[in-house]
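Okay, so chain A shows up in both of these, paired with chain B first and chain C after.
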Partner chain A sequence: MAVIRNPRKNALIAASLVAPFVLTFALVFAYPTFQVIRLSFTDSPLIGDGEWIGLDNYWRLLSDRLFYTSLWNNGYFLLLTVVPTTALALGMALLVNKLKGRWQALVLALFFLPYILPVSVVTEIWTWMLDFQFGILQPVITLFNGDPVAVFRNPYWVMPMIALVTVWWVNGFNVLLFIAGLRNIPRDLYEAAALDGATARQRFLRVTWPLLWPITVLVLTLQLILQLKIFDQVYLLSQGGPFNTSYVPLLLVYREAFQLNEGGYASAIALVIFVIILVVSVLQFQLLRIVGRR
Partner chain B sequence: MSVFRSIVTAAALATVATPALAQQEVVWWDFLSGGDGVRMAALIDRFNEEHPDINIDATTLEWGVPFYTRIRTSTAVGEGPDIMTYHLSRVPLALDEGVLSEITAEDLANAGLTTNDFYERSIAAASSDDGTLHAVPFDVHSVVLYYNRDMLEGTNYLDADGNLTGMDSLESFEAAMAALVENGVTEPLSYATADAGTTYRVFYTLFSQMGGELITDGEVLAGDNADKAVQAIEIMARWRENGWVPEQTEYPASVALFTSGRSPFHWNGVWEVPTMTDLAASGELSFDWGAVQIPALMGQLGTWADSHAFAIPQEDQPMDPEKRAAVMTVIGWMSQNSLSWAEAGHVPAFRSVAESDDFRAMEPNATYAALVETVAYDPRSQIAGVASPLYDAVQNLIVPAVDGFVTPQQAIDQMKTDLQRLIR
Partner chain C sequence: MRGARKVENLVLTVCGLTAALVWIFPIYWAVVTSLRSESHVVSDDAGLLPDGFNLTAFTDALFNTQIVRWYFNSIGTALIITIGVIVSCMMCAYAISQMRFPGRRLLYGIVLASFMIPAQALVVSQFILMSDLGLVNSWAGIILPQLIVPIVIIVYKQFFDAVPKEMREAVILDGGGEYVLLFKLYLPLNWGITTALAIITFIGAWNAFFWPFLVTTTEDMMTIPVGITQVNDVFGVAYARLMAVALLAAMPVALAYLIFQRRVTEAVMISSGVKG
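And then the complex of A and B:
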């Protein structure tokens, strides 16, 4: 008991317990963040120091048309992924939830499988499935379109297709979140509703939907953050083309930093993207919570 | 303590006892794969055998942006190689980044070389604007026109010896393609239409044959250069519309179209020469083939070209003079022995090899070797060269224009805007 009453010792123990985390956090997160902020006010190359140039990088960004194009493309990508993947995951979760025991585990594992693949494998699979000459999905495209399409080289197809690949890849995780949410809804609520003569539709709208709302908000927000940071799939599938139709902000950061040796400018863009993600996701999260409360 | 002492003693003994003390370890990085990689590995083995006092420790890294990013980061922290391969088209950006150590007169003397030993254009491309040398050219590699003699048999386009003839203008080349299509050939000219590098090489060849310049005084496609670029894309788009080139074809497929005997013409780099030679040697090529320099389609001769070169990274800690001398010995030896490298299709940059009887007897290299006189290197700019924004712009803008998604004029307008913003 004496140990707990000694405030100084208490504080020391507390400090030693949080120290590993605080130190790691400071080393791998706080310090790099500080460096990015500092670099964004300089004309540094990728490695080494540069001159302090104040807000010049930010002024340049404001007049960079490619930045606006990439933001616009990323917005389009959000439309194509965030709500569709959430709706799809919810639908799948409801169906999977109807299954029992081993069957449920099996189906869930199948849905989850793509999520454990590395992005390079995912894009390799889809590049071959959609290959212009040999892709096994080209007959399907021909059925609807009349001709085969080199999807990642076509300005109209490229973004929807990257969105499709992305949804296929990440959807399993969302299904899992929804399943967890569904299992948290007490069974007796459904029993009570059934006793009161509620239809299946009413049970969903009055019980499942409101009680699942926090999970829905979580999935939407996680997806929003994830898809605002899209880079890998674009880099691997279309390199931002054709005609800048799949150019996204992080690709701009990558090219400025690693191709053009513009560490300072790349940091400025990265920081602006960071702020945009922060603002948009906080806004969305709060907005959705308010909607849910009504 | 005794453990420590015995280690020290052992180490001391080892240094005294082994003759390897005198052996210089030269760390070598390159980006050469495929036929190039095999031939370079053989050269390195030969060098190591002939030089007991020097050992090349070679590593092959991934070509393109990954290679050049690693060079930049490793040299910045003093962990770079002792010698590396470099594209001369990347020299302008490298000079800006300060990653290349100057090759001094003393260095050249250690290698037994002088700048006069090399083709003038390659030395210019390896030097900074004030004329100081920063790399030693190893080869000139370009695109050539491969052709299938059997398929052209009976047309007017083969002379009595079975060599390609009568290709002296765009009209004659297009007439040949049209005639071949008449005779039931699909896709008479194969090139990798979906590949940025190949599309760029075709585009830049046509463009430079019109006397076009991509970047002049820091301005992208100034004056009538833009019109010439539009014209080059229009020609490539017309070839696609007429079905003369395969649509949306990746690099390996474009080679296969030629080697399988479907396309009588193939527009690609000299580095595919070993592919053809090897296939012919193993009897897998069902036809007789040849390769010539790209004909003067647009009025004058001219071909896109680049060079592999050797360079030494610039690090804060200057390299030990003995090691540097060893590195220069490697470079000198490689130049002297570049005939083996020429088997990979390249034209040696070292003139006494390129002008030797042995090289003149090497086919098809000797047939197209004259192209080195009229090569068009990439513009001297930080945004040009292998795996540069210029390559990206071709993938992003010119490929869709050739595919007909946008007009050539739109592509060029966008290209001017996109590339100009990168020039500071």
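And then the complex of A and C:
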């Protein structure tokens, strides 16, 4: 049923409904989006005007060794986090899914809890856990290494340890997504499989895994995007050191803009990072869907 | 057969609980540490089990840092962000879902597209904007960029789309306009998702680090996740106090989660595009 009303009045009412969002969006999102593109072609400092310099910032970026180092480090970080947290979360979700009633709720809540902590709380807890002198995990590290390690000041330990902290922090979110996926698998599929005499392994490989694949793709993609733009935990745990071994692209943006007063150059880096995230995540998403269709 | 089933369940429950306790150990350890004296924390006889109930670290944190001020900033900004996001996104989603007006499709397209742009890509130009507006190091500066959460519009639109048309017509026959429809019909029907979205928006705003870290320049304007990183700098290594401060910072969101567990879980699932 169409509401018989003056279309002009209707448009005015609609405008008043969308106005709060649209005006805020225009001011703090759309305008800065255009600005960051414009700035990337100038030599502006952070505050103040600059000259139009065309593609110079992008050429400069191409020969910035720290940029390549940071990309390489972030790639290594992806290897250490994306697939491991997905596999771990799947295992945890399968375990939680087998539990009954209150125990299930309790175990799930405990797995999820770290995810809702502020990042600086997470890094402070782990700084203490891994403290060189008094950290409770140093005996464990000594077991593997022979000596205690100042992990966030050691070029070999720093990335794996930031990855460990990150996985601990975000894993609960992935567990939750897998649980949702598991609950959406119709029960009668398992009953039918059991009637056909399928073993637990076959039931997992033929029913659970294929039906869970869309969620796995989602988790992998969300994690890829998230871990491509890390800043907080790196800044708080190692500040990119030692010897730039944990330097990541967003740290470069932060340093250029807010410490070296290079607004234009920082904008160019931010844009390149954005394009990389977009390309990599679209590629991965499509690739994983093709793999799933086979 | 039933006996074997029971044993299997018991084994699984024990496994699950053990894994969960190992997983949560860092939080347990933070609590144990925060309840010790600084000298006991680093002494050789500090065991794994809680011993004593020393609140010095907490009183220290409350009286010798600006934590109360950071609490005030966090509560204020997070509440305003939550209300702002929920109200503006709900109104916008209602218009997109239920009304016909020029530019409707384009608007929804922009909302979907902005979902792809990472907020981090914009911090430089957002900072310059805040500086031009004179809002650096103010609540407004902390709040404004955090008001754009496109996913809330997307979720609301889905829920509004699902409201039966007959209910709408009944209200219109009674002479109700669009605002009456939204606040007397669509909102009450969707209180569940509204509280769920409000809780995760609040948790997200409380936990936000990168932007508040950039836009605040003095300690008295910091939100709590940014402020607590200063404690370290001022006092050197004092782990009992550091853990007390960290726990105080996490308390509101941890409580919100424990109280509204199911709502939080629901909201996290729905806003990631999966139905639980």
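In the analysis below, the second predicted complex is superposed on the first by the 268 of 294 C-alpha atoms of A that agree within 3 Å, B and C clash if a C-alpha of one lies under 4 Å from a C-alpha of the other, contacts with A are read in each partner's own complex, and residues count from 1 in each chain.
Operating definition for what follows: a residue touches a chain if its C-beta (ideal position, glycine included) is under 8 Å from a C-beta of that chain, and two chains touch if they have at least 3 such contacts.
Bear in mind that the values here come from a model prediction, so they are computed numbers and not experimental data.
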Which of chain B and chain C A:G240 touches, first, second, both or neither: first
First, second, both or neither for A:L78, with chain B first and chain C second: neither
Touching partner for A:S120 - first (chain B), second (chain C), both, neither: second
Contacts of A:R153 with chain B and chain C, given as first, second, both or neither: first
Partner chain in contact with A:L46 - chain B first, chain C second, else both or neither: both
First, second, both or neither for A:Q133, with chain B first and chain C second: both
Residue contacts with chain A in the superposition, chain B compared against chain C: C
Which superposed partner A:F258 touches (first chain B, second chain C, both, neither): both
Partner chain in contact with A:L66 - chain B first, chain C second, else both or neither: first
On chain A, positions contacted by chain B and by chain C: 46-47, 133, 258
Residues of chain C defined as touching chain A within the complex: 9, 12-13, 15-17, 19-21, 23-24, 26-27, 29-30, 33, 41-42, 48, 84, 87-89, 91-92, 94-96, 99-102, 104, 107, 110, 114, 116-118, 120-129, 131, 144-145, 147-148, 153, 165, 169, 172, 177-179, 182, 203, 206-207, 209-210, 214, 224-226, 228-229, 232, 237, 239, 242-243, 245-247, 249-250, 253-254, 256-258, 261, 264-265, 268-269, 272-276
Residues of chain B defined as touching chain A within the complex: 65, 69, 72-73, 76-77, 93, 96-97, 194, 247-249, 253, 382-383, 387-389, 392, 395-397, 399-400, 403, 405-406, 411, 414, 417-418, 421-422
Residues of chain A that touch chain C when the two form their complex: 1, 3, 10-11, 13-15, 17-18, 20-22, 24-25, 27-29, 31-33, 35-36, 39, 46-47, 92, 95-96, 98-100, 103-114, 116-121, 124-129, 131, 133-134, 136, 168, 173, 176-177, 179-181, 183-184, 215, 218, 222, 225, 229, 231-232, 236, 250, 253-254, 257-258, 263, 266-267, 270-271, 273-274, 277-278
Of chain A, residues touching chain B in the complex: 45-48, 64-66, 132-133, 150, 153-155, 239-244, 247, 255, 258-261
